[in-house]
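Look at the two complexes coming up: chain A is in both, with chain B in one and chain C in the other.
Showing the complex of A and B:
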């Protein structure tokens, strides 16, 4: 079998997936995108013969529903989402079978899906899986592989027709009777609806579910009525306290603070912390602390940046309001402060997944990033990053925007402790390649900073700034000296997950754990 | 003589595996692995074994490795030495020293263990801790009890309880001990290290106390949390201004020598022996801390 561009053994043809285009490290594969099918709705609502506002059961009468079709959901309600199980229960009652789910992500609350898989209602998943559903996939629950895509890759696949969505069910915290939708208010307010835009635009049929129906017209809609076929009022979309968190606390763990502070020094040495800077960081403990350390430096030197993007937190809102960033580009609002800011601050702007990260769009935000700070489950000596599988080989996490931001940002920094518990985080070879090493520049750990040999320019800058540079192999040796070399988990022959790179090529496959 | 850099001494509980593994990453000059007060009685032997294994497996880079043993007057002290000395720690911190004998007893035991383990006799050094009125009274004989003694410490809590003082934030009650200990240290030619500042959240208070200790002549301070390290280093590392002034003194003197001038004036002050001594100490400390400007590193070797 041939090896792909990151040396992974990916078959030409994968059962349940089809032909696999191998990932190439040389560049992005081109995808022609189609025009959005504005007038092709399959629902019987055209010509205004039917009012758009209908109960859930009635909406299912009006939709063109078939066994084996693909239905999609967005994950802005996160672990508080009640919509996925509400819709699946209704479809199951109708006797539908063999559905493909295309969620932008799944959370532990979605464990209820598993019963529908066992009953044959759901046959497969194309989308991020987190927690229990991922574990079930690793145990071999599904016949075919789960197809994992990044946010940008998913937007590309939906727009190109590779991921044809028959019905998009969109949770809308506020809606009007024509289907203008917003996440800004209502008991299930979630802020940005960024991940839902592509589906609203490209799905054959679009159903909005809302627990807050307001009179027409909803003045500030993030998805407009021209995309929406039906509006379904429901009692409750979600559990508010599990939709957005309160203020995310910055870690007090000295080790994580050390990595965060070092990360800010790395960005500084690379010349990133400068007027007009743009920046994205995850919401993990180290990333949040690194953002705080960057903030200190911007304040001290009175630096005014251009924008921060991605998942937006209260910390970033404060930086925006303090004048440290002119704009926030928000694909998902992490906490209550971010939700409120999106209403209040004109410089805080919602962005779609396509605008955020789609590699085949006419321009995406990640390409304008000066720097990205990203986490990892494992990193290897070729700088490849795994965020999907745990050290026991089980598929437990989605990709998010990891590979998109790494590819786009001028400087991509991976932050990770060298050890988590008794496990080494820098290893010989990651169990799964999510993000190729060619797009990763610097790895920051508590025991030193490793620079990708392809970035001699950065290495020189970091050396001058007296950062503790280490060879990535030495970091691995340090880790192994303390933990021993981990034995690889035992995988079976079945491919249970396909990790698509953002351009639709296959960067890796995940096999079942035995 | 090279200056041993002991600005910060980080206490690390001997019974915490992840802290033992990660102790070296925070940049403390000295790591003090604690088998004494941080470890409950029921865990004394477990901590001893854990620490032994950590010392044999983990490399602590450039930090000085110190172990605070239990006092030989307890049932644990002797066994601590038996297990720890073969791991070649740089230094043993001896708690509750009250007389020279408390030091010489440890010296004898360590000497035997060094011989048995093939370690050069006398290579492991001592840091006695003064924690009682009697220890404070005898601090001179403790400091000069044996050539292994390399620095003196004190335990503020135990000492103030013993003398019946009230603990205050500004440390008035410790003024006499600090002065006495510093004198003894200088007479013995060893370093003097300040006690811990226990309010971990108060960086300003820590800095102030550290700065005052440096003004008194102390060489460093013990810390109980990694976040205290950079604050203490800031206080105990000569500032750029101090370094620049010290360099002017050295240069002025060199210039005067070249010109054959007897009296040299720098910054409006005559450079005499104490001025030069102070300047050299600043430069030694700055060099050890890596705070010297690059171009000066070679010239003042």
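Showing the complex of A and C:
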């Protein structure tokens, strides 16, 4: 069996997926121009004087709905989302079967999907999975593989027609009767609707669900009426306290704080903390603490940066408001402060998934990043990163923007403790390659900092700054010395997950756990 | 030869145009799903680390440019535009030939195009013409017909692939180095970039030209970087005083003021001037005066309207700021006050041509209009309106949003004096049907008000309000009594213009003048 560009066994043809174009480390593959998606609606409303505002059941009468179709959802309501369940329940009542779900991400609340899989209503998932649904996939629940895509890769697939969405169901915290949509207000306010833009643009039929219908015209809309077929008022879109966090928790663990502080030193040594800097970090505890450490340095030296991007948090809002970043480019507002800021601050701008990270767009924001701080569930001695499967081999996480940001940023830093519980985080070979080592520059642990050999320039800078450089193999050895070599999970023969690189090539496959 | 739905001779096949689908008065034609446009760029920059900011000549090196291609421009710089000339001159220096221009509109400044037509650089025009270029078309300068489309029809044709744009050259009053674009600031500020959105979205290659390059990222952009291939800095985009007017001139002519006041009475009698009203009027002298008369009534009765749309003027801004309209939906900012308001007023929103008027979109703003006040160069006894050709048969004007707004608005009022100079404006049969009579409700002249017989409801309301109702035939007779029956222009055999209805059917053809 041929090995792809990161040395993984990827069959030429994958049952339930089709032909796999192998990932190549040589660069981004061209997206083949398949039949481009229709830009016209298939719903019964176009060109007729049917009012767009209809109850959910009536909307399903008006849509072209068939067994086997692909339906999509965005994840801005996160673990507070009630829309996926509501829609699937309604489709199930109509007897639809064999649907493919294309969510931009899933959360624990979406465990309700599993019953619909067992009943045959849902046949597969393209886009992202989460804990319970991922675990079920690893157990072999789905007939074919789930197809995992990054945020940028999903936008690319939607634009190219590789992911043809028949109906996009868009949770809209505020909507007017023509389908101008906003996430800024209403009880389910979530801020940016960045991930929904792609679906609104490319889906054959677009249905907005809202619990806050306001008079026409909504003056500030993220998605405009020309994309929306139907507007469905519902009692509740979501559970507010599970949609946005109050304040995200910075880690208090001394070991993680050490990693965070060290990460700021790494960025400083690489010359990133400088006027005009651009920056992205995740919302994990270490990343938040590293952002705080970067902030201290920017303040001390009165550095005015250019922008912070990605998921926006209250701490980035504070940095923007104190003049440390001129702009915030927001694909997803993580907390209540970020939601408020998007309304209030002219320099805080919503962006689509395509603008954020799509590799076939004409230029995406990740390509402008000086630095990205990213997490991992495993890294290996080739600097490959796994964010999908846990050490037991179970598929528990989606990709998010991980591989997009790593590919784009000038310096990509992976932050991870050497161990989590009794499991090594630096390993010989990751169970799943999510992000190729060729796009990863530095790994920061409490036991030392490893630099990708391809980046001799950075190694030299970090050495001068007296950072504790270690060979990545030594970090692995340290980890194994403490835990023993990890036992390989027992995988079966079935491919239950396909990890697409952002260009649509297959970077890895995930097999069932037995 | 068959007659179409407004009784016009339209051949099945038009040389230089192809098969003509005849206009039908029965409703909007479905847009056939031709091969959808590519969403990927053809420029040499995608997926490579070529900086987007390049001089004009270098941009032409990077583009896929060939003889016979279609290139597009927007008209937000109006009569101050220097971009069309600059680009055509550069393309001519490269020896390109047979180009089709697809401007959203043209102005007298664009007379410079004619030399390029004579030299073979430009072969045809799809979209709009103006005085000098239109006159040259009527004289038979072009080999094939120019194709005239409304703003909504052009957006539809671009979306469906009927108007495949190879390169869109977008004048951007402000741009950042990745191609985030805004019309709000810079010496060539023009406010809304509404007509450019369609081209940015569908063109195979997109080049922004700017005289104001600002640091990345531009926080408030009308068009985002994911659509833009190249950014070309130039010394001057336009001549500011010819881009936006200072204050548009309301008519002082007593006869026109009478028509304006009467128009407000008509709208009042039709029940339009009421809470929640929506309204669009042109920027002609009578329309501006009619808007002022509507404003007085709204003020007196403390009426709070919903929105005004289309081209936005300072008087509409004032109405918005005094609370008479909750929102302004702006596809084109006509004067400096409108440009400033778009920056300042959250209720003043930019909209794309598609959102404004596209009949194949999922819902456009014109369909929400309670009333539209529109001008004419001729109307006839069937209520058909001509805005394209003058009484001498010469093609002098584009369509703008005329047929879109008439089709969408609840009440469409045409305002016109009975005579202009010694020419009758109400005639037996318009020389060119731009807007079908089936979408026109009322014609207001100084000699009386004619109501379309299909709107008995309106006639009854106007009668009750003691408006001077006249039969349209009587208005024509009055006009002819004063001027004599107008002499028909002498047309040749060649079809020099095709007037597409907003759905892509052919509503009329225009022949050369001999």
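Here are a few things to note about the model shown:
What we mean here is this: the second predicted complex is superposed on the first by the 505 of 514 C-alpha atoms of A that agree within 3 Å, B and C clash if a C-alpha of one lies under 4 Å from a C-alpha of the other, contacts with A are read in each partner's own complex, and residues count from 1 in each chain.
Keep in mind that, in the parts below, a contact is a pair of C-beta atoms (placed from the backbone, for glycine too) under 8 Å apart; a residue touches a chain by one contact, two chains touch by 3 or more.
Given the structure is predicted, the values throughout are model-derived calculations rather than measurements.
Looking at the shared chain after the overlay, A:178 reaches chain C, while chain B stays out of its contact range. By the touch criterion stated above, A:482 is placed in contact with chain B alone, chain C being left untouched.
In the superposed model, A:351 lies in contact with chain C only, and not with chain B. Contacts of A:306 after superposition on the shared chain: chain C is touched, whereas chain B is not. Looking at the shared chain after the overlay, A:419 reaches chain B, while chain C stays out of its contact range.
Contacts of A:255 after superposition: chain B is touched, whereas chain C is not reached. Of the two partner chains placed by the overlay, only chain C lies in contact with A:227; chain B stays clear of it. For chain A, the partner touching the most residues, choosing from chain B and chain C, is C. In the superposition on chain A, contact of A:446 is made with chain B only, not with chain C.
On chain A, the patch touched by chain B and the patch touched by chain C do not overlap at any residue.
On the side of chain A, the complex with chain B involves touching residues 254-255, 257-258, 419, 446-447, 481-482. Considering their complex, residues 21-22, 25-26, 57-59, 225-227 of chain B touch chain A.
Touching chain A in their complex are the following residues of chain C: 27-28, 30-31, 33, 35-41, 43, 45-47, 52, 159-160, 178-179, 206, 215-217, 219-221, 224-229, 276, 306-307, 326-327, 329, 346-349, 351-352, 354-355, 358-365, 368.
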